[in-house]
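Given below, in the form of structure tokens, are the structures.
In the two complexes below, subunit A is the common chain; its partner is subunit B in one and subunit C in the other.
Let's turn to the complex of A and B:
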């Protein structure tokens, strides 16, 4: 029992240390947080502006007909914020390890008695904190502008959905981390993964506009369920029920991606330790 | 003057040609060293293209989604999206990359013309943009069944080359800011979308609200895309054609001269204050 408590305390210390370190680095460059808040607005402005320029006065009516949503600004703000956060989480796991390698501190982690999986996993917490701040700061103004009040259940559902939705991204992040350990410069592959997830998730459009085969592919991507569910709560004011099949699909696919990420990471880390690839870069 | 050597014009041309050759060679070698990046661009580009085009199409009725002219506008918009990104990320941040690699001080210690800093990136981007133009046209045909046609090939080639020069001049000006401010990633991100929005790369700027049109006319890229669109899809130009050609040509020269002057000024300033190597 005492050993278990000691192990728990040590693991919590690892999480705490990573959290403090990463938040310090985030706050060292606060201008990036400003970019994450303003970028969804610039993207929304771009889509809306171009849409209006090509469609003229009928632009809004066409948008309502195509999406069912009556507020293009909120629709794109929500979509581009979740898109941005997904891209950041996918990139960050690999990027964190790569920057440790470049700073020469990567091997030092392996000399410490900390659980490595927990160590790399802890990175998701500080990034999660920044993500929640960004989402709240981005979406609050249009919601206040519309004088809409979200009930506490909807707010809680949004937080729970975001948390579940981050798990598969974290799983993909672990795969990118494995690629980093294995191939050192995996940005080319990460670029393809990011583009694929972004298109198939339908963050910025209803998935029904995609070709049929791509709609089938998107059913295997957890973030496609996340985007639809978040839109239901925040844009269409619908109540989410526990027996909703899309919620079940989100949970199952999220856990699958997470397990896949852990599996690949452990396998490649083991391989790198055996072959001595860990310190080569 | 003591220590100053007279160099003939031919020697000067030979010297700068050699420097440009070395820079271009460096650029091509670096570009081809990472073939995975080229493959990644080829695979990911159609996906990014979809991600950008579909949200804009949602403002049109579905029966108009097959309109050829709309896709021609999108196509040239995507090409200029690439050119504007090049200006900020490739030319502007060339200095930042040299800083991070620890080679900036060596370059500034050499007597090479500062333009070589950008010539390396220019060669790489010329290769990459040419590839994008061909590849995006093929994608438009495969994905949307739209054939990209060009009304005046010579004018198009001329406008694209001039646009790349304008982008390099703008990049040099921005590069001077990078040399001074060091960490400009956030600024580049915001500036990129502002330039794309106000320069009317996806639509003619006369469809913008009047207040924004003032900003649009101040952006050098407005005239570049306007000229390229006229050459490609025969749209009317903002100014009479010959005046617009002359304006883009002047912009290409003036912006590069201004960029080099700004770079020279900031370099001297940071050398005096000892901040060249601080980042």
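Let's turn to the complex of A and C:
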């Protein structure tokens, strides 16, 4: 029992260390806040303009018919924010491990007795916090405009969904990290993965607009459930229930992606300790 | 009997590198034996130095012992734990300093960097604060502890790196070239701390290519060349190996390659090495090892130098140094880029 408590305390200390370190570094480079908040508005304007150019005055009716939503600004803002966060996390995991390598800090983590799976997955917490801050800051203006208030349960569900939604992205991120360190230049693969996730997650349109076979493919991607669930809470004002099958699917696929990511990463780690790749930069 | 804290048995590490040949041609794969059946033992409280030129296998050895690299052959134990089978236990009981000025989060302060790594070593916040304060005092960084690391000088980063290696109060400390790139004052501070830690009972395993440093710091030294250990002993024992040689040290100007070549050809001269201080005027120090008596060889040597327009600054008989030991054992000079000497 005493050993278990000690192990728990040690692991919490590692999570705390990563959280504080990452948040401090982010807050000392605050320019990302500006980019994260303005880019979804820019993308929303872009989609709005393209829609109007194609369908003219019928654009709004078509949008309502296809999505069920009445506020395209809120719809595209939410979609482009989650899309942005997703691609950044996928890319960032590989890039941040690479920059740790270049900085010389990566190898030092392997000199500590901290559990490496816990260590790398702890990055979910600061990323989740930042994601929530970004979503809150981006969506606040249109929600205030609509004079809508979100109840505390919806806010809590949004936070929980964002954190669960981070897990598969981390799984994919760990795969990109392994590729980065193994091949040094894996950006072609990373960009293909990002494009695939963007198309199949339905961040900016309902998945029903996709061909049937692509809809089936999208069911294997956790972010497709994340997009739908977030829309339900934040746009359609629906209450999320624990027995919702989409929530179960999100949790299961998220854990599978995370496990796959760790599996590949651990294989690489062992390979890197054999070849010396752990410290190559 | 003294307790062994580091045991290496036949450690071997081979790296495979690929040569690049143009756009489409596949390069040849090359096997490099970085560490070749290396065995040694280090005792508690000892300062043990691994001395060798660049690429000799020093860092690879330290990385195997600190669990960062898996050996291809052989076994090793540190503080009683197997470096492959009990890697986490090894990590909990060692401190490692791999780079003198890398390995920090630049946007964090020195104190915040130490705190982060303390938590990764499972040191409680209260204990971490106490330890950090003590280490900042030890390395003389207390005043600068709350500055961002990006504002640190190379010497300050090196001291911070050293402090980090001591965070978990390790039984054994691995230091890879601890004073490389440091100004003399910072290097002296680090050396004094190493001596002090050894007196307090910590085992220090350091690598260096600085022979004076090895001579000054180490209780025992292993000389490593091309992955193989060629000798192990105290500095005195190692120097005894060349005690029967007569060595003369000459400081002079115009010590060109031609001059060195002429000296090497002299009868009775066994080795010649030159360390150039100024590559423009060819000012430097030449060490000549004779297998004969001084009075037989020295006049010929001086004649060659004077005839070659070498301006002599001083000539004196010299005690054997670790460099002489290295040359005698390997037949090659230590500082590849500065020394133009080899076995005759």
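In this text, the second predicted complex is superposed on the first by the 272 of 281 C-alpha atoms of A that agree within 3 Å, B and C clash if a C-alpha of one lies under 4 Å from a C-alpha of the other, contacts with A are read in each partner's own complex, and residues count from 1 in each chain.
Here, a contact is a pair of C-beta atoms (placed from the backbone, for glycine too) under 8 Å apart; a residue touches a chain by one contact, two chains touch by 3 or more.
From a predicted model like this one, the values you see are computed outputs, not experimental measurements.
S.K.: Following the overlay on subunit A, give me a clash-or-fit verdict for subunit B and subunit C.
M.R.: Superposition check on subunit A shows subunit B and subunit C fit without a clash.
S.K.: Let me test your reading of the model: by the given contact rule, A:119 touches which partner, first (subunit B), second (subunit C), both or neither?
M.R.: Only subunit C; A:119 stays clear of subunit B.
S.K.: Using the superposed model, give me the angle at subunit A's CA centre between the CA centres of subunit B and subunit C, as a multiple of 10 °.
M.R.: Seen from the centre of subunit A, the opening angle is 80 degrees.
S.K.: Which partner does A:160 contact after superposing on A: first (subunit B), second (subunit C), both, neither?
M.R.: neither
S.K.: Figure out whether A:21 sits in contact with subunit B (first) or subunit C (second), or with both, or with neither.
M.R.: After superposing on A, A:21 lies in contact with subunit C but is clear of subunit B.
S.K.: Scan A:144 for contacts with subunit B and subunit C and give back first, second, both or neither.
M.R.: neither
S.K.: When the two structures are overlaid on chain A, which partner does A:273 contact: first (subunit B), second (subunit C), both, or neither?
M.R.: A:273 contacts subunit C only, not subunit B.
S.K.: Which partner does A:10 contact after superposing on A: first (subunit B), second (subunit C), both, neither?
M.R.: It touches subunit C, and subunit B stays clear.
S.K.: Between subunit B (first) and subunit C (second), which does A:216 come into contact with in this model arrangement: first, second, both, or neither?
M.R.: Neither partner.
S.K.: With both structures placed on chain A, which of the two partners, subunit B or subunit C, ends up touching more residues of subunit A?
M.R.: Counting residues of subunit A touched by each partner, the higher count goes to B.
S.K.: Once the shared chain is lined up, is A:29 touching subunit B (first), subunit C (second), both, or neither of them?
M.R.: A:29: touches subunit B and subunit C.
S.K.: Have a look at where A:108 lands relative to subunit B and subunit C in the superposition and call it first, second, both or neither.
M.R.: After superposition on chain A, A:108 lies in contact with subunit C alone.
S.K.: Using only CA atoms and the superposition described at the top, report the least gap between subunit B and subunit C in Å.
M.R.: 8
S.K.: Both subunit B and subunit C contact which residues of subunit A?
M.R.: The overlap between the subunit B and subunit C interfaces on subunit A comprises residues 29.
S.K.: Could you please specify the touching residues of subunit B with respect to subunit A in the complex?
M.R.: My answer: residues 34, 36-37, 39-41, 43-44, 47-48, 50-51, 54-62, 70, 73, 183, 185-187, 189-190, 193-194, 196-197, 202-204, 207-208.
S.K.: Within the complex, which stretch of subunit A touches subunit B?
M.R.: Counting only subunit A, the residues touching subunit B are 29, 31-32, 34-35, 38-39, 42-43, 45-47, 49-55, 58-60, 62-63, 65-67, 72, 76, 79, 185, 187-189, 191-192, 194-196, 198-199, 204-205, 209.
S.K.: Can you list the residues on subunit C that touch subunit A in the complex?
M.R.: Result: residues 15-16, 60, 63, 66-70, 72, 88-89, 91-92, 94, 96, 98-99, 102-108, 112, 115-117, 119-125 of subunit C touch subunit A.
S.K.: Under the touch definition given earlier, write down the residues of subunit A that touch subunit C in their complex.
M.R.: Those in contact with subunit C are residues 9-10, 13-14, 16-17, 20-21, 24-25, 28-29, 103-105, 107-114, 119, 270, 273-276, 278-279.
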